[in-house]
Amino acid sequence: MTGPEPHAVGIHKKEGETVKKFLGVLAAAAALTFAVSAGFAADAIKVGFVDTYTGPATAYTNDVLDGFKLEIGKINAKGGVLGRKIEFVTRDDKYKPDIGLTMAKELVLKENVDLLVGTISSAVALAVSDLAKKEKVPFIVTFAKSDKITGSMGHRYVFSISENSEMAGRAAAKGLAKKPYTKYWIAGDDYEYGHSIANAVFSHLSELNPKVQKIGESWWKEGETDFTPYITQILAAKPDFVIVATGGRGMVNFQKAAQSTGFNKRVPFYQHTAIELSTLSPQGQNAPEGVYGTANYLFYFPATKENQAFADEFKKAYNRQPKIGALYGHLLAKFVAKAYQKAGKVDKEKFIDAMEGMTLDSPVGPMEMRACDHQVALPMFFGVTKKSPQYEHLVAGDVISVPGKEYLPSCADVMKTRAK
Amino acid sequence: MLRVESVVMSFGGFKAVNGANLHVGAGEIVAVIGPNGAGKTTLFNLITGHLAPDSGRILFKGREIGGLSPHVICRKGITRSFQVVNIFSQLTVFENVQIAVLSRERKTYDIFSKVEGMAAEEVERTLRSVGLHDKRNVESVLLSHGDQKVLEIAVALSGKPELLILDEPTAGMAPEETETCIRLIRKLSDEFGLTILFCEHDMGLVFDIAQRVMVMVRGGTVVQGSCEEVRRNTEVQDAYLGGSA
Amino acid sequence: MKHRSLVATLAVLGLLCALPPFLPRFYVYIASIVLLTGLLATSLNLAIGYGGLYQFHHTVFYGVGAYGTALMLTRAGAPAPVAMIAGPLAAALLSLVMGVICVRLSKLYFGMLQISLGSLVWVTVYRWYSFTGGDDGIHGVPLPDLIASAKGSYYYTLAVTALSLLAMRRIAGSPFGKTLQGIRDNPVRSEAIGVDVKRHKLAALVIAGFFGGVAGSLFVVVDTSAFPDMMFWTYSLEVLIMCLLGGMYTFWGPFVGSSTLVLLRVFVSVYTQYWGLILGTILSLVIIFLPDGMLGFFARRFRKGEVRGA
Amino acid sequence: MEFLSHLFSSGTLSQFLVGLSRTTILFIVSSGLSLILGILRIPNVAHGSLYMVGAFLAYSVIHLFGGGVAAFVAALVIAPLGVAALGFVLERGFFSHLYEREHLMLLLLTFSFALIIGDLVKIVWGTEYRSVTLPVVLQGSAEILGLPLPYYNLVLLLVGPVIAVFLWLVINRTKMGKIARAAAVDREMVSAVGINVGWVFAFTFVLGCFLAGLGGALIAPMTNISLGMDHSLIIEAFLIVIMGGLGNVWGALLGSLVFGLTQSLGILVWPKFGIVFPYLAVVAVLVFRPRGLLSSTW
């Protein structure tokens, strides 16, 4: 070590004075920061978003925000709710539960928001949900897919307006049960979401079709970029069908690997959200064909007037097709506005009472916020990827729609997991 | 007191010490001399445990010490100074000596006492006796080279060794500093009855204070004996005058 | 002199005790985070500033302290006092084990081996769903009522942090602390005066790990949760930055540095998403212009022209 | 004993080849890091960020040229050169004045650069992830024992050794390389004989950055290019360099092989904790050979 180490071993002898001076400076700086505040209008209904606004997840979360903005803008333009505007602020959790929790605390304890929403990360959602329960603030989960959120760790203050892994698993099992495959391989991102969705698909599939068997599993770390070693491993075992449980960025990565190795041509596989635009549009025409998937939203299906109108409106506003997040943001705005209207005043407990059992019309049809577990019942679409002359990306073909009621776990089942 | 028997130590293929023999009796002042690269420093490093011998024996008070760790050997009663000044340069003169005293008293694991002022009496006494007392609160990196060398001897001394090893104690010193240093070494020997082993290039100094001299050439012992014997030895003359000098 | 520093300490403590009633709850929470992060940085400084050990992955002990406490409370249902001490002890034990493996390496190699071992611990926590909760972490850790509220947890954090800092200050000023500084300064000289360098380093690592663990257990009290990210290597570097920012070779420097960074982070990240840019710029300016850190810089200016130690 | 049947299945060879090919990118990036660490003594945490910049640059170049083989080749040239230019600016602007600083300071300084570069990338390219499509020629895969090995992995298998030999030639057969090696051992000596060490160091740093950029450009088609791709890579690269021996190009190669292969074979043996094996390998190496597998320049 040739570096000039400061000759400071004995400095603490003089530190007392220095510390004092320093504390003065620090206090002044702190006072300055305290003085500034993000600021809501005085009588607005305050909605606080905690979500991931940096990194790959923004491909999904920005759509939520834009969908919400579009709808809430219309509501505010008509005078808002109860004569008050709905305003929102966003906080970036950087996909990390500790940061998300700090941000949520800031929103609740400092900004005094009336409502917390957001999070694509299940870890953040669970952390914030715990805070919501303690602070008695309603929290609407917009994207995170862990079934614990409204399942085993659900409570009065947490709601979910997206499907969860258990639901996706049940819906996929319904679609897959009709196929002739029996030898299944399970692979996926080795984290909460990956395991829970894979288990959900396979356990329900084996209930529906007792002949299926699992011949092997492989798990890679979340954020894995090179799937080739796993693909060769899977192909060597010669399964009939592969359940691939990837989330977020793993979706596109795995599809690219499948395309380049010809994996999809050798063995059919299923990925939740494989048919969704968020997965398909970044790959253009190079996405693999013949991949089975489920999704909550497709802008071209069902081809109803409502869906068409929503897609057109979104495209006009943001110059892109709405993806799944846009639907969630849209639903969020509608639920929030309607619930406050119904509650008659801005009150956290009344808001929750109003939310329970509430129904709405949406671009994908009518839906309900289940009173028992605070889980919304959305229809789920099951299909397979194919090329389309109309678009620059692949679309879902052979789409079947599974209504929410058919794949939601029963209230009794949910309560059983909560009791544990 | 110290006995080195046919010790061999090599770096890669090069035998830095090759069959050296050395004997130091209690209370003696022994000098090791030899041309540059003769292996004097390596020999000292072997004795103090900074290197481990390949073969041969190093006995201190009849016990084998070859290959032990430096701190263990220090505990057995050998302390040293180094050729290049080796002190706690960021600590004050006082603290340098203080650590050595605390280490000797085995108080370095004490996490409860306040170190300030500990062992002050002994530290000040030592500093007075080496003439550094008035500089006791100076950061030692700021001392003159001569003072640093003296401080290092004071640090080594504070371990209350039975054998003190000095590797070129006057290297790089100004003439008057050398003078002080010699007086210091004499004083140590006379007052405390210390056994001293040192190596030095300044032959005047060697023959001035050493009682016996060991001559090393190319890693081996050429001759060991009184100053007079060594001075007259023809092999030594060859090594210094005709050989590699 | 001694009298004055005692008065100053009591004044600061008194001020900190009096804060909560005047602060909104959010700031009480942030104040708790500031305190425990300060403790974390100070504990790291014991190893890196005083001992010169390249403790690159210190937050492993922070994380293990937190998980130890959280798991004792949730899984074992242990009484709170037991859990509070179990976390730090687990951290100290891990520090001992990692120390035994690392301590014979020097500087950069030490640091890298530690990062490697620390990453193993991190991976284990991150992957072991059934036990640690994996990447979700542990939430809603049950706490006794006394320390469950924002104020209660603040006072508890304040008390534990103050005691820990006092203890570390004592250790830094003890014969052991002085020996450690000697080892940092010159390990060869230390050995030559009979100091067992490795063992002292190991002891320093265990102490630093223990107090890192204490900070972790405080995090559980303040946040009622524990996350794997607490022990990801980037956070370790951030804590290193805190030490550097405040002044690595001073006792209070790391505390000052961590307070500055935590406050800055909380308030700045509300207004911008470019926290990295801000932190990076501050840090590079500090390294280039103030290598002694803020406190070191102040201290230096203060004693300019004085004879050192007079 | 189930894992044994995995090990000796027909997939093992193919698994092995795939492991080798992914080692290539680790090797390219870590050899650059190794040069900078071994010769300049800078523990450059920003190396991963430069790799990320390389990947983003490759993306931009390919899109600018509209895809195809020409665009891909252009990206492989332009992206590393761009990163090298960035490295040149960093070296002349900062590091050249700071070589004498403690490692710890340099480590933190480079970490601060990593943070800054990360946010600059965010500003320039946004937070969404990008992806690059391979030219049609390179799409598809070859059959090895009935299992697919993508052509691109085959290309990587060839690129790795080429780079290794190239680096060996630069370091051992050019004057610049020889001076750099000498300077790594004794900087003062080299400048004392009248050689301008500053420019040799600049050259080494720029070469290291070029390699980081090349690694980034090569990984671009295999992954989605996103913020944070530097985080996991840089720590792996550091471990590889330490494991292989600082400043030793062959050490970087050996380290990458150990790292890459323990990982891909670890997946077969114990899928859930496959990621643990490379770390264990590093620990084992450092416990038994604290200075790394091959001799280091330190």
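First chain written, first letter: the chains are A, B, C and D, and each begins at residue 1.
Definition applied: a contact is a pair of C-beta atoms (placed from the backbone, for glycine too) under 8 Å apart; a residue touches a chain by one contact, two chains touch by 3 or more.
Everything numeric in this text was worked out from a predicted model, so none of it was measured.
When every chain is represented by the mean of its C-alpha atoms, the one lying closest to the mean of all protein C-alpha atoms is C. Note: the chain lying farthest from chain D is B, by mean C-alpha position. In terms of their C-alpha centroids, the spacing between chain B and chain C amounts to 42 Å. Our note on geometry: chain A versus chain D, Cα centroid distance of 34 Å, whole angstroms. Rounded to a whole number, the gap between the C-alpha centres of chain A and chain C is 34 angstrom.
Chain B has its Cα centroid 72 Å from the Cα centroid of chain A. Contact of a single residue of chain B with at least two other chains is seen at positions 90-92, 139. Counting partners per residue, chain D has 101, 103, 105, 122, 272, 275 as the residues that reach two or more other chains. Counting partner chains per residue, chain A shows two or more touched chains at residues 1, 4-5, 7-10, 53-54, 190. By the touch criterion stated above, chain D contacts chain A in their complex at residues 6, 9-11, 14-15, 18-19, 21-22, 100-103, 105, 122, 127-129, 131, 133-134, 139-141, 147-150, 152-153, 219, 222-224, 226-229, 232, 264, 267-268, 271-272, 274-275.
Listing the residues of chain C that touch chain D in their complex gives 48, 54, 101, 104-105, 107-109, 112-113, 115-117, 119-120, 123-124, 127, 233-234, 237, 240-241, 244, 273-277, 279-284, 287-288, 291. Residue ranges of chain C in contact with chain A, taken from their complex: 4-5, 8, 12, 24-27, 29, 33, 107, 127, 129, 134-137, 139-140, 150, 172-173, 181, 185, 223-225, 227, 229-230, 247, 249-252, 256, 259-260, 263, 266-267, 269-271, 273, 291-292, 294-296, 298-300, 302-303, 308-309.
Contact residues on chain D toward chain C in their complex (touch as defined above): 43, 45, 94, 98, 101, 103-105, 107-109, 111-116, 118-120, 122-123, 231, 235, 238-239, 242, 272-273, 275-276, 279-280, 282-283, 286-287, 290-291. For chain C in complex with chain B, the residues that touch the partner chain are 170-171, 173-179, 181-182, 185-186, 188-197, 200, 203, 207, 307-310.
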